[in-house]
Amino acid sequence: MQHSDKPDLDETLNVTSSHERMLRDAAAVAREKHVNEGGSEPMSLWIFAACAVILLAGGLALGNAGSFFNYNQTVKPDYVRILKDAEGGGPPPVTALKAYMAQGSKIYGKCIGCHAPDGKGGGAYPALAGSDWVLGDDTERFAMVILNGLSGPTSTGKDFGVMPAQGIGMGPRDLAAVMTYVRNSFGNSTGDVITEEMAAEAIKISEARANPGTPVTAGELDAEHAKPLPGEPLDPATMLNPVTLEPAEE
Amino acid sequence: MSTPDKSLEQDAVLRASIDRSLRHPVMFFFTSGAAWLAVAILLGIISSAKVHSPEFLADCPWLTYGRVFPAHQTALVYGWGCQAAFGMIIWLMARLSRQECRAAGTVLVAGHVWNAAVTLGVIGILGGAGTGVPWMEMPAFAWVPMFLAYVGIAIWSMVQFKVRPEGHTYVSQWYLMAAVIWFPWVFVSSHLLVHGFGGSPLGAANVSAWYHSALLLLFFVPVGTGLAYYLVPKVSGRPVYNYSLSMIGFWALAIVGPWAGAQRLTGAPLPNFLPYLGAFAAILFAIPAAIAGINLLKTAATAGPTVVESPTLRFTVAGLVGLLVLGAASVFLNSPDLPLFGNVLAMTQFTMSGYGYDLLALYFFFSFLAFGTIYFVVPRITRREWLSRRLISMHFMFSVYGVGGLVVIALFGGLMQGIGQEDFAQPWQDAARRADPYAVFTTIAWCFLLVSNVFFFLHLALMWLRLGRRSSHPTLLVKSHHGSPHGPEGDIDNAGPAAAH
Amino acid sequence: MSFRTFAIGLTASFAVAWLAVVILPFFKLQNPAPVSFVEGIDEQSGIYHPKRSGRVVNGYEVYAANGCYQCHTQVARPTYAGNDLNRPDLAGIKGDFERGDTRRESNVFDYIGLDFAPIGVTRLGPDLVNLGRRLPHEVLKAARDQGDDTLTPQQAEAIAERRLFLHLYNPRLDPAVAEWSACPPHRFLFEEQEIQGQRSGDALEIETGEGMEIVPKPQARALVSYLMSLKHDDPVPASMNYAPADAGGDDKEG
């Protein structure tokens, strides 16, 4: 049988069988159905309900975004850190003596240059270890020397020249801490605490001197400042917050 | 023969010639992809085992968890996922544009370049040259050859689209075209910003999170959905349930998809709106997922017996169910404010739920669609039918149980981990120990998937070697009943004009 | 729909998002503007400029190549995004012996010095953003619980570093985490060498062959140096400080 649209083929070629072979090879393709795009069934209302729920959930997420396209705002606007753990944060309480000494040891770094790490001074500088003005109950003397510096002989009678004032920018906490530290280190052990309150008084007294800003002398110390600093004494075993030096709440 | 029959025959012959022109590149992508899937599954078993047994294979530095897990993800995404996608894209675009592939050689060479780059990249990761950027761990040398290979593969499909016949363009082509345009844009900009520029550590982290999401939502999802829109009506013969809705679904994906990703970094010092905008977009992804899934499942529902019989439809329908679950998981995992559950986003952010979500998208949805495509396309391009319906059945059963279990375990396990992590009153070891039982089950699930892949790869390799059945009768999953339109089963060279319909 | 409509629609929908959430944030977050402390409100003055010590870049390369970011995160999320700040030692130290409660959220300056912020993927292991504080604090706390008050922070840090080397070698030998850690052993970052006269200062306390000791390789040293540099609980300027105003004088962090 000849194909009417292939007239130039030789009669002897069996076009049917070659055509069938081509179709057989394409059998898988030939049996394919055609894609029917014509469907237009209505979508059930449940789909729309589901989309509404999805949009709602999305909206809840978006609500956390704060101000949109504000590239400088890295936290939610008006964010305040409210912690959930029961006790507020804070270091474990320590005894008042330890707390003041811990802070005082850091302040003492300024004094090491002259008075040496072991408080013995040495050569050109007086020793703080065992010094009368450091120890004893007349704490106002010690405070005046720290705040204003000293000119002339020390408690031992030896003259070391002029000690520069250390009181500029020194707050009551720093003063109380360094005094407590020196009075309980290098072999000294008064066992008591100079409180912030006492140090604040000392600063007031120092400002009310006759010549504020000038170094004190041994004479001035003996005449006017040979007394304890005013203020409530603090039991050195009281438990304090080592950072704020406030009494620790239990 | 009457004229309508002749035009149908001519159409069939055209389609067959298109298939033949694509045989080498498509078979290469599918077969090497399946081999990479096997590698990925093996690496997945090893990494999963190390979560609950850290001393397992601990003497080999190449198999440290921190190297083998990124290698597993890389093999799964770039070795299997991308190559399967390439095969799917070039075949369907050629068919729907009615154009033979005239550059099959170029595509094949490009495919080999892609494979070589991924191989070297995975070896680089295992050898300790990983970059530390999630999903971009391959050493910097690998990315440029991959991009060039991609251009060599995809450009022909774009050309075919351009010269397609006049008339209506089917929705699948829009999905594929979009994926083909999105992928290079996402790929190049992300890699340039993260590996090329510097000085913006948080910006780079944001880019990598966006890249991770964009690869899933703007490449794997549209490719899979495009194939599904073709396979379901094609094999079932039923009309697409509501065709106009399909384009709405496409544009919903196009509008929502590019914004998602930053929600993985919620709480980091990024501009605050970014992660929540990302969460919003990720939640809204459920809408196009639902539209496509329900549209096609309703189409397939009217052809129940065909779904049971046809390997293609079984896998495709299972994949579409996976798409719906993916949409639901998107809503659940990215919500910072769910009733009853609370801040699920914060809870699951740093847990194995993210891994479960990735596998849901990559395996339960995309891979199942890839399997459905492979079972449809390979007989057409090799002109042989699948050898054994039992091998296909085993593949299906083990896959469904394996990946279903894997996804459920990972998502739920992540939630449990997250509850432990957020319970600040307990010491950390409480949260750390919670992962163990789920890791054990994950390892078992990966073993199921390994078995499924063995059946699949074997079967595919035999087809690649042209050892399939010569028959015009398709391999269906049930014994053919009396009066099958394809004629008695088992006939070799079953020919004749009657068989051509 | 024509291809032209499609192309315009696709480009518009993608480009707007891409510019807004990828490009702009990347360049805006590059070189963030410095923030100053405020006199009178903050305890310090000057520009907030966290110092990084240690071999950050080299150590980070080892961190990244060995996938530490897969199981460890480095971020302290604000309270609306997670409970990180409520933990006693994640975002800072709740009861630091010298500085009190130092916990704070992560800020943009915490990640400067690297090209990629290792925020992390999962929390199979604990968060590391303040590892350089948490480990010495644990050592100090253990010493004080046993009554030893003389251990200095520097000594605690040295002990913590040795423990970190041991943890890297095999977490099951680190007594703090041996029972529950799933961290892989990184024995390949160490090498066995002959004891030359005396044991090396940084040899691990592990029994090994006759006359042999285990010492860290340069990679391990870089990694530990990086990890110990992770200290992000310093006081921040008032504009970045989200502590409640009525901190009750209890918390003097700036």
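Note that the chains take the letters A, B and C in the order they are written out, and that residue 1 is the start of every chain.
Note that contacts are C-beta pairs under 8 Å (C-beta built on N, C-alpha and C of every residue); 3 or more make two chains touch, one makes a residue touch a chain.
Nothing here was measured: the structure is a model prediction, and the numbers come from that model.
Among the other chains, B has the CA centre that is most remote from the centre of chain C. Relative to the whole-protein C-alpha centroid, the nearest chain centroid is that of C. More C-beta pairs touch across one of A-C and B-C than the other; that pair is B-C. Note: centroid distance chain A to chain B, computed from Cα atoms, is 48 Å. The distance from the centre of chain A to the centre of chain C, with each centre set as the mean of the Cα atoms, comes to 15 Å.
Averaged C-alpha coordinates put the centre of chain B at 36 Å from the centre of chain C.
The set of chain C residues that touch two or more partner chains comprises 20, 25, 28-29, 78, 83, 86, 105, 107-108. Touching of two or more other chains is recorded for residues 64, 69, 71-72, 74-76, 84-85 of chain A.
Shown for chain B are the residues that touch two or more other chains, namely 269-271, 277, 336, 424.
Note for the complex: chain C touches chain B at residues 1, 3, 6, 9-10, 13-14, 17-18, 20-23, 25-31, 60-61, 63-71, 73, 75, 77-78, 81-84, 86-87, 105-108, 110-126, 171-172, 177, 179-188. Those residues of chain B whose C-beta lies close enough to touch chain C in the complex are 50-52, 54-55, 58-59, 61, 64-67, 69-70, 128-134, 161-162, 169, 174, 177-178, 181-182, 185, 189-190, 193-194, 197-208, 210, 218, 247, 251, 254-255, 258-259, 261-262, 265-271, 274, 277-278, 336, 343, 346, 349-352, 354-355, 417, 421-424, 428-429, 431-433, 435-436.
Residues 9, 12-13, 15-16, 19, 168, 170-171, 230, 233-245, 269-273, 276-277, 279-281, 283-284, 286-287, 290-291, 294, 298-299, 327, 331, 334-338, 345, 379-380, 383, 385, 424-425, 471-472, 474, 486, 493-497, 499-501 of chain B are the ones that touch chain A when the two sit in their complex. Those residues of chain A that touch chain C in the complex are listed here as 64, 69, 71-72, 74-76, 79-85, 88-92, 98, 102, 241-244, 246. Residues 20, 24-25, 28-29, 78-80, 83, 85-86, 88, 94-101, 103, 105, 107-108, 149, 242-245, 248-252 of chain C are the ones that touch chain A when the two sit in their complex.
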